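Dropping the structure in here first, questions after.
Letters A, B and C name the chains as they come in the text, with residue numbers starting at 1 for each one.
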Amino acid sequence: MLQIHNLHASVAGKEILKGLTLDVKPGEIHAIMGPNGSGKSTLANVLAGRDGYEVTAGDVLYQGRNLLDREPEERAGDGIFLAFQYPVEIPGVPNLYFLRMALNAQRRHRGKPEIPAEDFLRLVSEKLKLVHLEDGLQKRAVNEGFSGGEKKRNEIFQMLILEPRLALLDETDSGLDIDALKIVAEGVNAMRSPDFSAVVVTHYQRLLDYIVPDQVHVLAGGRIVKTGGRELALELEKCGYGWLTQEVTA
Amino acid sequence: MNGARTLAGWLTDPPEDAGLVAGAERTRLALRALELGLPTARDEAWRYSRLEGLAEEELMLAGEGPAPTAPQLTALTPEGVRVDRVVVVNGRLMPELCEIGPLPAGVGFGSLRAMARAAQGGLKEAADLLERLDSLCRPDQRMFSALNTALAGDATGLWVPDGVRLERPLLVISLVLPGADALLTQPRLLVVIGRESQASVMEAHGGFGPTPYFCNAVSEFQLGAGARLEHLRVQRDSPAGRRVSGAFLRVEAGAHVRSHTFTTGGRSVRNEFQLELAGAGARGEVNGLALLSGESVVDNHTHVTHLAPDCESRQTFRSILAERSRSVFTGRILVARDAQRTDAVQSFAGLLLSDTARALARPQLEILADNVKCTHGATVGSLDPDSLFYLRSRGIPKALARRLMIHAFCSDMLGRVRTSEMINPLDRLVTRTLAEQA
Amino acid sequence: MSSETQQIRELAAQDYKYGFTSDIESDTIPAGLSEEIVALISRRKDEPDFMLEWRLKAYRAWLEMSVPDWAYLNVPPMDFQSISYYSAPRKKEGPASLDEVDPELLETFEKLGIPLGERARLAGVAVDAVFDSESVKTTYKKELATRGIIFCSISEALREHPELVRRYLGSVVPMRDNFYAALNTAVFSDGSFVYIPKGVRCPMELSTYFRINAAGTGQFERTLIIADEGSYVSYLEGCTAPMRDENQLHAAVVELVALKGASIKYSTVQNWYPGDREGRGGIFNFVTKRGLCEEKARISWTQVETGSAITWKYPSCILKGDDSVGEFYSVALTNNHQQADTGAKMIHLGRNTSSTIISKGISAGLSQNSYRGLVQVGSKATGARNHSQCDSLLIGDRCGAHTWPVIDVRNPDSVVEHEATTSRISDDQVFYCRQRGIKEEDAVSMIVNGFCREVLAELPMEFAVEAQKLLGLSLEGSVG
């Protein structure tokens, strides 16, 4: 699904990722953990194609083809979804209108016809229940006046509608109470299938109690310094990142 | 000195000892002032300042003034605050009234004429300070600046070298005491704050007596990188006094300036503010509170220019207008093409206390950069009847309730002052003025 | 700049869709302006004598006036003697039936999406089509007449209802009001006239489509709408012109009279030719629009301005009657070299009058976009309320957005509030949309439409859709 090899990336001339390598197979969920400033969000943004993130070396293959020369909307159309750490507000644009426009753009990209309005509405009400969001919220402007938790759940809701092949969750758990955290996890788990992979970037292991990862990676100093199973996350919870980062700098 | 003359008369043939600059330059500026001329009724930017007839009036050019009385001095001195002070009467420094304690090494505070002598004696700081005169107030385009430089008898100068923090606020008291004839006076202030230095300067202007006068004040402030300055200005003019006062501020990278003007009367007071945010990360705040009654007019003009990226500007103006007074606010924010990430806010609020008061607001934005956040707001209204009723229903008499609410309207402005020892005296000034006007 | 924005920037801007010219034989009088020309226009139109006198008075007043220069506009000097002040499609005796209208003319309006033919008439919208200086066809006239509604060209109104016209024409915009209004008064050739009788609610939208076709001409139309006591009307106006390298002058006057309890909703989608990407050609649009509200009356101006090389326009409401209401909703979008200086005036004279101003300015390319307005509360306007919101959005770093409101309050028992913001489309917003699969251009267009939502919501449905598309089209080539 996603193969990252020796990825180096800089932001404003400062190198953040320094040779990151990662292989995510179809159906797998990978967790990326690490201290602040280790490059977790940079990785998510590079994969989604955000401006200002310069790849200086290495390559990324998505479904066997070079990802890095694709435009952000092409990546989205190809099935990559980024759940933003800080979802932006777009005043005056109703959430549903936005979502339908996105869905149809992606469908066109895949050579599929636009979704009929009634099918779309049915899909919306079905998925809304999964994330426990009120109907009314969808008529409001994109993320405008949403609480922090509502914004994050709205990201998951969008993911459920757009049905990506690869989801990148950028600290989707931050600032969530335990109930909202469970809802986010349920949303991701509902997507699980042999064709769906996810990279879950998180600072805390508690999300991984609900989204059980196949692999856990520790990102420090722009590289993956340790890989393991679920138990690695628990170990990190107990001991912190200190012992790992020391290993790196040593 | 001979008798009263018109403005043009003084400019055509200035007396020997007038002027802050030497012969040829003074003549040039006097001619320039004549050339630019007084604004006419057709001049949109001056439509509301009552300067009509000024060109024809015979005025005495201020020189040595009478000694101020103790109540006059007290009226302009913040109570209970230790300050270093300079006293200027009719544009002339009164050395016997100045009280300047020991200042940190390199700091100069006092008469610009005295500094000119010191500069001739080889004092470099004095020469440096003098060199900055006229560098911000645009005497070639602004008639009142040319007039001031050409005819001002003296000026107050403040030089703060790099890396010096002044602990005590500095006070410049500037009195207008006209005799039998109408008076023309031009107080002048020049302040240079070095890099990473800090100071607080208050100008206290007052005009007394029934004789008309025209006071043309010019104050220039330059802040080096990282400097901090709080500028406070109190203007208490008599109902016969007309004033044009210009504050010209230039703020270099990372420096912050706060300027607050309190205007409490006068036949016509025009306050001009020119704020240039010239270095990245500079911050400037310009505030004005006017408490007016009778026939007073205040005409506030701001011109804030964002020249560099990442600068922040705030303008907050409030006018409380009783009887037949009126207030004009023309605020302009100009964002230059390179001033990306500008954050500029401008607000005016007018409180009309009578059927005959009038408020006019013209908040303007002129924006040429794209990554900016600029907002302006203006509201004009009267005291909220519901709040008034609420207070009265709790047993507070109507007049007191009104005063309470008016005071609340002002307190936001007092809250912006950071020189903490000045807040109480300013608060008392506001309270007293409101009581007088009630 | 990323490669894709580069690409988008290079994408040729879609050509002005309405830029074609029609090959119609026209009857154009010689260029220039004089008392003889004014008299000629009046004669051609078979006007009553009072009109000629009025026009000549306006012409003489105009000679004494100078071009206003206070706007934030760079207006090249205009030679008023090089313009032809009257051009009309050549015709036989007035087109009594559609068969007599030049088929080419019908086709022109078809191309503009305004079918005038009996079979294909716009459902529920009565249309008056003005081609250069002449009204060519008014639809649904008979249906409207059964309710006593008069909807016709102003020339016809002058012939059929001279007393009504005489009473109100120039009553809201006096001939000396400003340079362009004086010019219009002297030379106006046609325009629409509407009268809604007492208590009648006009059952359909009334609309006028203006089209400049002939080269070297100006368009000077005059619109007068009178809503009698307790009546209601919604009126739409649309404008297009061919692409020409020369600038053409459009100086219109619109007067609205809303009598006691009446309500007029006036919507404009202005899409005059804006000039090409280098700023060549385009319409100079100098318009005076003003409405008078009597007691409890309401006038609502809604405008979407995307066209014209220069726009100079300040729809106004004189809130004369107690409890009257004025509204102004505006979207002004400028791209390339366009310049717009537009806004509203609300003059509160009566007690408890209220007004709302919502203005959204969008600047892209090298354009300059200014909001200029006046809210005045007179000393007798106790209880007056105004709320103004002026927002500007900048796209690109070579355009300008400016706001020049004036607030003048002379009554203590009134509340006037003005808020304004200027910002730009954030990179974060655009990236968020693109990550969801939406193309950059579509994202910008969507964000702009969102920014304008409050205003677009005020437009009648058919117009709102058109306006949204227009915003998207006008933005093309601006992203980057």
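Here, contacts are C-beta pairs under 8 Å (C-beta built on N, C-alpha and C of every residue); 3 or more make two chains touch, one makes a residue touch a chain.
Note that the coordinates shown come from a computational prediction; the quantities given were computed from them, not determined experimentally.
More C-beta pairs touch across the B-C interface than across any other pair of chains. Farthest from subunit C, judged by the mean position of CA atoms in each chain, is A. If each chain is reduced to the centroid of its CA atoms, subunit B and subunit C end up 45 Å from each other.
Between subunit A and subunit B the centroid-to-centroid distance comes to 56 Å (mean Cα coordinates, whole Å). With centres taken as mean Cα positions, subunit C sits 48 Å from subunit A. Residue ranges on subunit C touching subunit A, taken from their complex, read 2, 4, 426-429, 431-440, 442, 446-447, 449-454.
Residues 70, 377, 379, 392, 394-424 of subunit C touch subunit B in their complex.
Those residues of subunit A lying in contact with subunit C across their complex are 48-51, 71-73, 75-77, 81-82, 84, 86-88, 90-93, 98-99, 101-103, 105-106, 109, 141, 158, 162.
Interface residues of subunit B, counted against subunit C in their complex, comprise 44, 337, 340, 350, 352-382.
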